[in-house]
Every structure is written in structure tokens, then in C-alpha cells.
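All chains are identified by letter, namely A, B, C and D, in their written order; residue positions are counted from 1 within each chain.
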């Protein structure tokens, strides 16, 4: 049995993995860059190893340093989390060579699914429906123009190595083809070191629906139902929920079977996700497979009742799946909101900084996976995700109401966050009615970007608080400079502890 | 927008006569009872002296305490309609693409540069029609936080 | 529909109720004593009314002041929480007179069940099994000696108005009868203003098992299965779990039916709890009915999936129960640990004080219901409960492992707590195996009161941290007094930010 | 028990040569890496000057920084075996029952008074055989925090 796991990640996912390790009696090893010495994952782990400077390409992406830390610590397995090296075939291979268990799929599966073009070909061979388009990368700008003419506008340009919306461009007009192609290639090269880009027919206003799968090393594969991830901003998921309000039991069953078939075709092992796009008539197409744990995995955990990291570790340990498909069902409804350090009023620009104050929402049906604490400075080098709120309700209505309650009580000072933006999503009629697709944010931007109301009292109260805080600070300074200068006005002010009359 | 003068706030029409029960419950966090309504206000000192960022129930404000102990409050968004003369990123990152060159004229809302930082690509736009005075970086450059990237008129 | 609820309570339960109000779109009104102006329930509520000085008999127990606040605020309902006036028949009545909905049972039900002797008589009439004993209060010391001789030692002396272990005494020896009787009477008088005491045969080493019930105003009654509450210290519950490791499906069904019958006999409305004691052969006896929400209600919420406060409010609003018995089932396993400000090393003495620092455990399967925050001073006037950790697992093993993980990560500085004591309970073989009864803590006290180990490194590390903190403080003081006195040793020390060699 | 002398700690046998990576992450909260093991230590100033209460992973300690910058550490429980000469409650409450009277001799572990405070009844016991010098309260009395209740020898 695995005894010590090195978590090759940081932030909330590192802590989330370590929590499960602790429950399983497994020691956890953190790695950290210069910027992360004070990060919670270092504090939470049993051991911690420094692996390099702050930029991730000098630390969290350096396979050598991570393997080195794993050997020093005597870790017998590595969990890659999501992002960083989680979908890096070389890393999976290297672990294997070193006799360290990689908690994830083989390099072959990663390569096959990581290259979107190969993935498309594999799925077509396994009779999994895919979006119409090319099965070869575009070789030149001329080739692109020709191919896109054949597929027909609108199309999506996609990085073959892509994922998470990077290196992706929608093209609707002919004159945009080349600028978009260049942008997609540049972004793909910057993000993945590979600029192969291919073409898919653009399915307008689709739903993004994904299936969670688990596959052991004995050929058993199960799915843990769907997640609805259509609330996206620039192809980045913002809110996820399960079950999907769109889904019918019949289609769910069918897609689950397709997801299992796709997983088998990938010769997959571990936890993975089959992403589909779906049109309003519930036609669905394979989009890509994520060969790792997803950010949004907790909503599945909540509704199905299974700790996915625990299953990942068991699978890596060579154990058979504990659950059969017929054991599983969806219980109630779960929604996840991602809280980023970002400024919704300023084009969602990342907003790093020091957390001055935080009030986390708690109570019935609330799971909160985060990593920041008061006084922690969110580094400028990594993903600005602060935490994830995962809410359960007995039905979708209750889950939405509870999410609103939790977002309302969630307060962070020091950095700007998307909390109020998320609250507005929960209040938007299209979301409340469950009638939305990936165009949701664009379609509802007037509602979502509307300025928050603050009536006269609210403004006045804020002003009064600032004024009094300022006076208190001023008083402290004065007292320090002239401790004997008894200013009776200030003193009297100080004495009025409670009732302040302005 | 609210303005009022320091100690004599009660006498000004703008803030009327607020009889509030106010306590600092945590550092920078105030619990306020006004007409038995419960308000929570969180304050953080702003970047400049005498300024605050304030979170109320629904809003985030920047407030400036004016001289003579008066104060001035503005909604974060409302005054955001002017460009700084230098475009820079608050975080270090990488220039994904520069979309303008020295001497170009750009229209309001047009993107001038795309920066990748904290795993996100951000587009920097101008808010009004502008002329590009100088471009100080190239595609692919690694940049520091607050380093001048583009100078506009 | 109810629009505004005054919560006639404080602490975690006040916030827990307000959270549900918010989810239902109901405004919440807090009341507070002098000591509670900074308490979280005042901050969380939409409105707050001051109701008197700090001692609860001058504030939270003063019906007049609470009714007054309810009228001023225009609240159309009052939720009493637990403790304080929650089982006060006069309060229920008074609300009714004022046209304010009392979110709880009628005064008749409260009186009937609140007086333990009347409750026994009611249950006997409804063919609910009760513990052998008297159905009349002891009239005199002579009467006591006579009656106890007839019932046979050992016996329990119980306050007729009692609850929560107050006014209760076990008598095993004849010479203890009179001292115990006096103690029980004095405690009962002090706690409830009534010294009526009765006698029950003492069932040695019983299990304490209770059933949650819900009854609407239309005669519908359902039960939400059992809670196992045998981990008790001085008749105070410390850890609760559901399902009970002792229970069989057959006995569960039978007891559920008995609980429903008991509820009907009490002519009950709202959420209530039927407490039973059970011997090792699964014989069970009605102990008492709690005519309010219990501290431990969240474990039922987690396993059955129903928000009990929501149901309480719906019932008070005159609505019919939303669920039928056959809709309900137990899903997984839940455990609650109560975190008190108390000193386990000093006879569990309450430990009020200021919370200097708190790290709350979060993540998968963790619900945390609390009310303290950093800088908050736990008042000396009220119950020292800080929070409740409610853990869910797919089975009992997972729940225990997860509880250990959560307790491990839960840190509070400033007051002493029972966290380490609770961790030891989770590690005690009798608990792990689910083989325990109300004698658990007494039986395992050697394990539970064992000193925590801290090997050489651990001690040294603690010492080093204290030493460095002291030096840093000293440096700050020196710098303030002689800002120009550059002490190179101290400076050099300050510069060595990270690596400190001692 | 650990003792060592201030700055020259490294030279003392008791604390050996600890090469620790120590940072204060929050006020009074230290993250310490020693031999790559991660420790979290929380400190709170004690009631007396130069004393701390420390929470480590499993333990709670009282530590006293001795003069000449040395330190002395004791486990909370270990030194708890002596009685104060005055029995008092840290919280206000009510006397439920006084079980002794002036001049009584009591045995180690015997309860002398029961106090009800914060909704809990607490029994105050003596740790060794003692004589009761004086009893200052009666059953049912309301008491303040730290008010002397019983004087023992």
C-alpha cells in the first residue's frame, strides 16, 4: 500500500489531496517554490521540499526537481493535482522509470488524449460521436483557408495540445481566419510549446457537459454521471452543477455508456473526464478527454458520495474499483462556484495581493475548498483561484438558494474577487430556470455587469465607518506623538464606545 | 456621491442625522446598527494616504477622506472612464501580442496589448480615442509588474 | 408565509437558524444582551435588538423583552433555538397571544413532555415502553427512602422539569439516597425553579438512542431515524452519530413507529426528539421527549438530506409535511463532535476568553457550525459551546477517519478546548469498533486522559518558536525605545529571515 | 523539561544543533521546517511577562523565557499537583453547594465546593490533604470571577 504521497502542486488542490491522504493514513509531502514558503499546502503537509524559484517553469514544472524531492522524501507515489504537470506524459513516464507510482494515467493515455487530433481519431474509431471537422493539423495559412472553406464557417480553431480554453478561437468571418489562426497558434505555443491547431465546425450556443469516469488497472470502468459546465467566460468555467438541468435519464444513460467506451478506447487508468458538447436537441459530441482530476470534481463527490482522490490513490495502488456501476446514483443537487482573485469591474483582471480579512461561509450543505488565510499574499505567479464553494441541496432550487446564502456571507478584503458576480449569476432568470448554454454570460451581460445597488443608508453607513476609522487612527497617531496633549474632543469621542452620533 | 464636513457632519444636509451604534469587531471590520438594521462594513486602507476601500453588503467603494476632515466617496466604477497615460500590468507576465505601433490612432474600446499573467490572458483596451506615443515592449517579452508597456496621449 | 423571524437565541444555533431563513428569503432578527453586541449572530442578522444586561435571566430569558423586540421589528414568528426559552410553555403561549407564530410546539405539548412525570404517564397510556419506576414525585425524604426501597437500588433520581443531565443523580448505596436527593433537588431548583424529583430504576451501562420526529399541524408525523448519543460525560453528550452502530433494521423500524406514536400521544407539532435508553439486548425504554431542535440535529440533516429548520418554519407556517415516511432513507454515516471552550486537563472547567487565532477545518464531508471569530471574546455568561463539527462519510470508517482529519486541522488559540480529547475518542478501540454505551468515557478514561506525546523534536521546535518570538518582540521594543541604537546582533538576527540556526 | 541558555543555545547539549527554517505566517503562528518535516506552532502570550502558551501538533505547553535569555518549558499538566491557598472560580456564577466548613480537614481529591457557571456545574477539589481555614460564601450565593470562596491551608 502507498505510504507517502508527494503532491506535485500548490493551492487548494494540493490541500484537498493531502486531506484525503491524511484520512487514509498516508503521509503527504509538499513541494514549494520561493513564493510559496508561507503557502498553506506547505503548512498542511507532513513534509515540505523547496524545488526552485517562483516562476512555475523553474519550479512546479521542473520534473527533475520534483523527482529529486520525491526521492529525498522517500515518497512512493506522486499526485499531480490539476494543471502544472498533471497532463504531462513525460512526467508520468519518468515517475514510472523511477519506480514511483504516478497517481494518474499512463503516458500513452495522456499522449493519446492530450493531442486533440489523435484523440479525435481514437474516438471516431471507437464509434464515439465527435464534432465534424478535420483530423489533421493545419499545415499552413493557405491550408487553413482551404480547409475552413470546406468545413464551412463558423468554425472553432483549436490547439491540438490545448485545454481549458487556451489556444482556442472562434472564427465567424472570412477576414478573421488568419488573425485568429495566428492568435491561436501564438497562445498555444506560449501555453503548451506546440502550435499545432485544427478545425472543428462551430456548434453555436452549445451546452458543455462532461462525464466523470474511474478506471482501474484491471479493466473495470465506471462513470459517475455528468457535470453541467456551460457557465463559461472566455471558455473558462465559472459555475458547474450536477445533475445537468438539461439531461434526461435516457440520454444520461446513453452518454454514460459512451463515456465508458471512450475511456476504454483511451486504455485509461485513474480518474478522468469525458467532455461533450450538446445542442438544444440533446445531440452530443465528444470534445476532449481530461486525463486528470478536474477543478469541479467536488460536485460529483457530493452527489455520488465518493471521494475521488481516495479512488485515484486506490487505483494507482493497483486495487480493483470498490464500486460497480449499479451501486452508483445521484443524490440531490450540487453547484460549484469558483472564487478567483479577479476584478469583475475591470475586465476580470487578476487581482493578486494580501488577504486582509476573510469570512468563510459555513453550515448545512456548504463545502469550502480553499487555501488562503488572513495575512497570506496571493502570489503573482500562479492561477488566481482562491477557493471553491460547493453547495448541496435536496433539489436544484435549494442548492441555488443555499449558494446565494453562502456567497452572501463570504467576505474577503485585500483582493478583489468575483463573489458579487457569482451572486448575480445565481439571480439571473436563465440560470434559475436552468435554461442556459455556453452563451449564458454573453447573453446576460447586462444583468451580470449591472452596478450593485446601495441605497442612501448603505452609502452613508459606509462613509461613517470610514470616517470613524480614520479618526481613530488619527487619534492613535496623535496620542503617540503627544501622549500628554489631552484633546478633550478626541477623548470624549473615544469614550462614546457604542453610540456614535454624527 | 456624498460630501460632508468632519465633526459637523450632523449639520450638513447630505449626511443628515445618523444615530448609529458602531463597534469595531475585528481589525478594520465594523458592525453597525442603524435603526436596528445590522450592517457590516469592512475597511482596507487604500493605496494613497487618507483613502479606503470599503466593502458593504453589496458594493465595493473607494473613499477618500478630504482635508478639514471631510470626506468624499465614489463608486469604484463610476470614475473609471479615463485612461492612464501609461499602460502597464500590475503583475509580471509575458507579452502575448502588441496590437499597435508608435504613432497609431486607436478607437475607444480597442485592445492595444494582450498580456498573459497568473495563467490568464488579459486584454488592455483604451477607454477613449487615443494616439499611441510609444510602444516599449515586443511580443514574447517577459515583463515586470508596473513596467511601462505603452505610452498613450 | 412567514416573512420575518426573530431568533430568540445566540451563538451557533442563532446563526444556523438565520442561515436557513436567508435561504428561504425570510428576514432574520437578532436579539442581544450587553455581552453580545459583538457576537456573530448580531452581525449575521438583518436586524438586531438589545434586550438587556448580560446575565441570561435579565435578557435571553425575559419573555417581555423578547416579545417587545418582536413587535418593534414586526417579526411574524419566533424561533427559540435550543436552551433558553425553547421549552418554556409560557413563552409559547405568550407568542400565541401576541399573534406571533412560535416555531415549536404548543404550550400544552411542552408542559406535558417537559414535566417528566406527566410525560411518563402519557407514554404509558400510549403503550410506549418506559423505564420501570414511579409515576409520582417524591413527597418527602421518608417517602424517597420508602419508594426507592420498593423500586430497588440502583436507581436514578431525576428532576421532573429536568433535561440535559441537570438535576440527575445515580444512587447505588442506601446511605447516598438522601444526599443525592438533596443535590438533585437543589440543582433542579437552581436550574428550573422546581424541585420535583422522581425515581427510575437504573439501567446499568445503557445506550442512549434518540429518534428525530417531525409533526405538522395536520396530524402527519414522520421520523427521521435515530441518533446514537451514548458518548456522554456527566450526562452531557460529547459525540453523536447516525446510524447507531448498535441498531438493526428491524429494531429501527419498530422504534421509529414507537417514536411516531409517542409524538402523536404528545399531540405534538414541529421538530422533536424522542429519547430512549437501550440495553445490550436492544430492549428500549422511553426516556423523555425534547420539544425543540437538538444540538445534534445536523447529523440527521446530513444523512437524511433534510434541512430541519426549514421544516420547522414550514410547519409553523401551517404547511403540510413535504415528505412521507417512505420517501426517507439514511445515506452514509455522520458524526458530530461538540467543541467547547473547556479545559480537559482541569476537570473540563469552562475556559472563556478571547479567540486569538482560529483555523477551521474544511473540505469534503465537513460541515462546521460555529459562531466565534478572531478577536471575539467568549462571554462568561453563557454555554461554552464554540462550534460543532459534523462529518459525513460513505460508511462509519470513512466518517471516523474524516473526523480525525478535521479535528487535527482545527486550531484555536486563546481558549482551551476539548479538541484533543475528541481526537482521542476517535482513536479509542471501543469507539472505533462501535462497541460502546454511556459508560464509554468512564471505562476508557485511562486512554482518554493520557498525556499527549511530544517527542524531542516537537518539544525543541516549540521552544525555539517561543524563543524567537520573544526575541522578535524584544527587538521591536528596543527599536521603539532607541531607534538609533543599532544593535548589530539583533539586526543580523532580523535579517536571517528564513534559516535560523540556534 | 528543556533548559538552555539564550544565544548560545547551539552549544548546549539539551537543544543540540537545530537548523530550522522558521517563518511567522500569521500573528503568533509559525511554520517551521526542520529536516523537511513541517511543523506548525501557535503562540499566545501567557498571563505573566515572558511566558507563552504554545500549541504544537499534539500538545499544549506553558513556556517561560528565563532571564539571561534562557528558557524553561513545562508541560501544562505536570506541575499541577499543588493547590492554591484560595479557591476561586475564574467565571462569575452561583454557588450550588459548599461541602465543607471552617476548620474541616479534607482528603486529597475531595470536593469542597460546587459552582455553576457558563451552564456547567464544576466541582472544585483539593489535590492534597488540606485543612479549611475559612469559607467565605454560602449555598446559592452569586459570585464574581476570581472572588475568593474558600481559604485552605
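Basically, contacts are C-beta pairs under 8 Å (C-beta built on N, C-alpha and C of every residue); 3 or more make two chains touch, one makes a residue touch a chain.
This is a predicted model, so every value here is computed, not measured.
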{"item": "Chains touching both chain A and chain B, listed by label", "value": "C"}
{"item": "Reaching chain C from chain B through chains that touch each other, fewest steps", "value": "1"}
{"item": "Euclidean distance of C-alpha centroids - chain A vs chain C, Å", "value": "37"}
{"item": "Between chain D and chain B, distance of the C-alpha-averaged centres to the nearest whole Å", "value": "50"}
{"item": "Between chain D and chain C, distance of the C-alpha-averaged centres to the nearest whole Å", "value": "27"}
{"item": "Contacts with 2+ other chains: residues of chain D", "value": "21, 23, 26-27, 37, 40"}
{"item": "For chain C, residues contacting two or more additional chains", "value": "37, 44, 373-374, 498"}
{"item": "Chain A - residues contacting chain B, complex", "value": "83, 183, 186-187, 190, 342, 345-350, 352, 356-357, 380-384, 411, 413-414, 416, 420, 451-454, 457-472, 489, 497-502"}
{"item": "Residue numbers on chain D that touch chain A, as the complex places them", "value": "21, 23, 25-27, 31, 33, 36-38, 40"}
{"item": "Residues of chain C that touch chain B when the two form their complex", "value": "30, 37-38, 42-49, 72-73, 373-376"}
{"item": "Interfacial residue positions of chain C with respect to chain A in the complex", "value": "15-16, 19-20, 22-25, 37, 44, 298, 301, 305-307, 331-332, 359-360, 362-370, 373-374, 394, 398, 401-402, 404-405, 408-409, 498"}
{"item": "Complex interface listing, chain D residues touching chain C", "value": "2, 4, 6-7, 9-10, 15-24, 26-30, 32, 34, 37, 39-44, 50, 52-61, 63, 65, 69, 71, 73, 75-77, 80, 90-92, 94, 96-97, 116-123, 125, 139-140, 145"}
